[in-house]
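Shown next, in structure tokens, is the structure this report addresses.
Naming follows writing order (A, B, C and D), and every chain is counted from residue 1.
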Amino acid sequence: MAAFAAKDPDFEQRVRASFARQRFMDTLGITMDRVGPGECVLSMGFRPDLCQQHGYVHAGATTALADSAAGYAAYSLMPAGSSVLTVEYKLNLLAPAAGKRFVARAVVEKPGRTLSVVRSEVAAVADDGSERAVALMQATMMCLADTSDAPALSAGPA
Amino acid sequence: MAAFAAKDPDFEQRVRASFARQRFMDTLGITMDRVGPGECVLSMGFRPDLCQQHGYVHAGATTALADSAAGYAAYSLMPAGSSVLTVEYKLNLLAPAAGKRFVARAVVEKPGRTLSVVRSEVAAVADDGSERAVALMQATMMCLADTSDAPALSAGPA
Amino acid sequence: MAAFAAKDPDFEQRVRASFARQRFMDTLGITMDRVGPGECVLSMGFRPDLCQQHGYVHAGATTALADSAAGYAAYSLMPAGSSVLTVEYKLNLLAPAAGKRFVARAVVEKPGRTLSVVRSEVAAVADDGSERAVALMQATMMCLADTSDAPALSAGPA
Amino acid sequence: MAAFAAKDPDFEQRVRASFARQRFMDTLGITMDRVGPGECVLSMGFRPDLCQQHGYVHAGATTALADSAAGYAAYSLMPAGSSVLTVEYKLNLLAPAAGKRFVARAVVEKPGRTLSVVRSEVAAVADDGSERAVALMQATMMCLADTSDAPALSAGPA
């Protein structure tokens, strides 16, 4: 994993405060397991009401997990007072999302003043703790310096 | 909109039955408003528990809406007895997802025996009924001929 | 096609001057057939030295055509003195690129002060003038206001 | 790097023979530096006629390099007698493509009987041998079992 230095010494508090305001994370049961400079790990337990017609977790829920991990990985490297938003992402589904728990691990590939490119992998964790890759995302995140009235995480380009 | 002919005369019943089994659609409050040969329209009402930290609908919910519309647009053209799964998609966020309701309109760009390419647009509907584009998806869907034990919609490539 | 108004009355001259400096367009035999506010049409003749191992045009050449059309469609709406660069794109290949000529038609889906989203379609033209879609691109372009020492078209995010 | 086993003991000969038939690789001056089970390295020297208007290598050339590396990484794991084609890819540009040489390193993320997901990174090599990441691709490749009259690499889904 590439080593980055956070410009904002209080990045973890800033990232966790933003995450706590995302009500959709609560709706899906997503928790923030770890955040470091340029990386973020989120996870989500299996629930039948997150599933598609064959009992696997829906790609939309997997995407919410992967996107939020990617956004916060990028946000950890942004300056205090900034806001992050998702410009776009591409997700490949690698295997049916079957498991007890799902973990998204996001790492910044290229940080930038305005745009950052992030990779986010989602693995399914089985009852015995073994993991299987279920999705792979490549995302572009944008930093908004002035957040007084800016659109927020995952709100799209200004 | 391109005109396609459905191979399966009962495509609408097949599509709607599959949609009805997707519990995640219920969780998000998504309804199927229309399905035709090669096209599908889904919609979702605004709810605070679908939002990110600034009160806009989370990209993951927008993606679930766009992906399901895309999958069922493709599925409408597939033969009876088949199953559809999402291979991958790319989504651009165009504007903050603010509105009373969100509508995804998906159209098949290129149907194929195995793979289909679909475009899915999400618009936000304001109180006065006016619309604003909020997201644009380009997706690849796969047809599984034998569905006896196949992975399901949005389960990823076999 | 959405109707846009160009901020720069001399947009066509600016776009064509930039295109003329792209030596790779010469290498591939790509010409600019049309540019309007928010749209651009480029074309490329078939040549055996643009092909992959089965005699179809290589996806890289198709991408160069689609990307340049997308970039100049976006650039037509940017202000005088600005520069455009490709942030990212996603391309689906729809059919083998066989034909006498290949035409990319790009249209801006969402213009923005900083980022613009563009759709670019590539069609193969047969000897009899009939067309067949061969590729579909969804791209994100960035406007750089100060171009004194900026990276250029397709150079990536700063 | 994940370790894969090639099903076809003669995969290297098969991959190199296919590469040798790609005339576009010659046109761009691309060479195959290495191929192993599930991985491939291609490189391309800087040439002014590969550039866009500011003297950086055009994204289309970078894409041709990244796509071919990705396709052959996937093809190395496919059975004898098969053919590979590009379904789609997404490319982020990370920095201006300035340098003496450009190296694409592709690794299969998820091999599949029909579809494979591949990651391909392009780095620019400076005169002193130092490297800088310039592009990142996530691609989907398809295996065609019967290649008697199949579309070829980068020809799009059947």
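The rule is simple: a contact is a pair of C-beta atoms (placed from the backbone, for glycine too) under 8 Å apart; a residue touches a chain by one contact, two chains touch by 3 or more.
None of these values were measured; they are calculated from a predicted model.
The chains that touch both subunit B and subunit D are A, C. Interface of subunit A with subunit D: the two copies contact each other largely through the same residue positions, with over half of all numbers used appearing on both sides.
Chain centres here are Cα means. That of subunit A falls 28 Å from that of subunit D. Averaged Cα coordinates give subunit C a centre that lies 22 Å from the centre of subunit D. Residue positions of subunit A with contacts to 2 or more other chains are 87-88, 90, 92, 94-95, 110, 117, 140, 157. By the touch criterion given at the top, residues 87-88, 90, 110, 112-115, 117, 140, 142, 157-158 of subunit A touch subunit C in their complex. The touching residues of subunit D, when paired with subunit C in their complex, are 18-19, 21-24, 26-28, 48-65, 67-68, 85-97, 134-135, 150-157. Only residues 90, 92, 94-95, 109-110, 117, 119, 133, 136, 138, 140 of subunit B touch subunit C when the two sit together in their complex.
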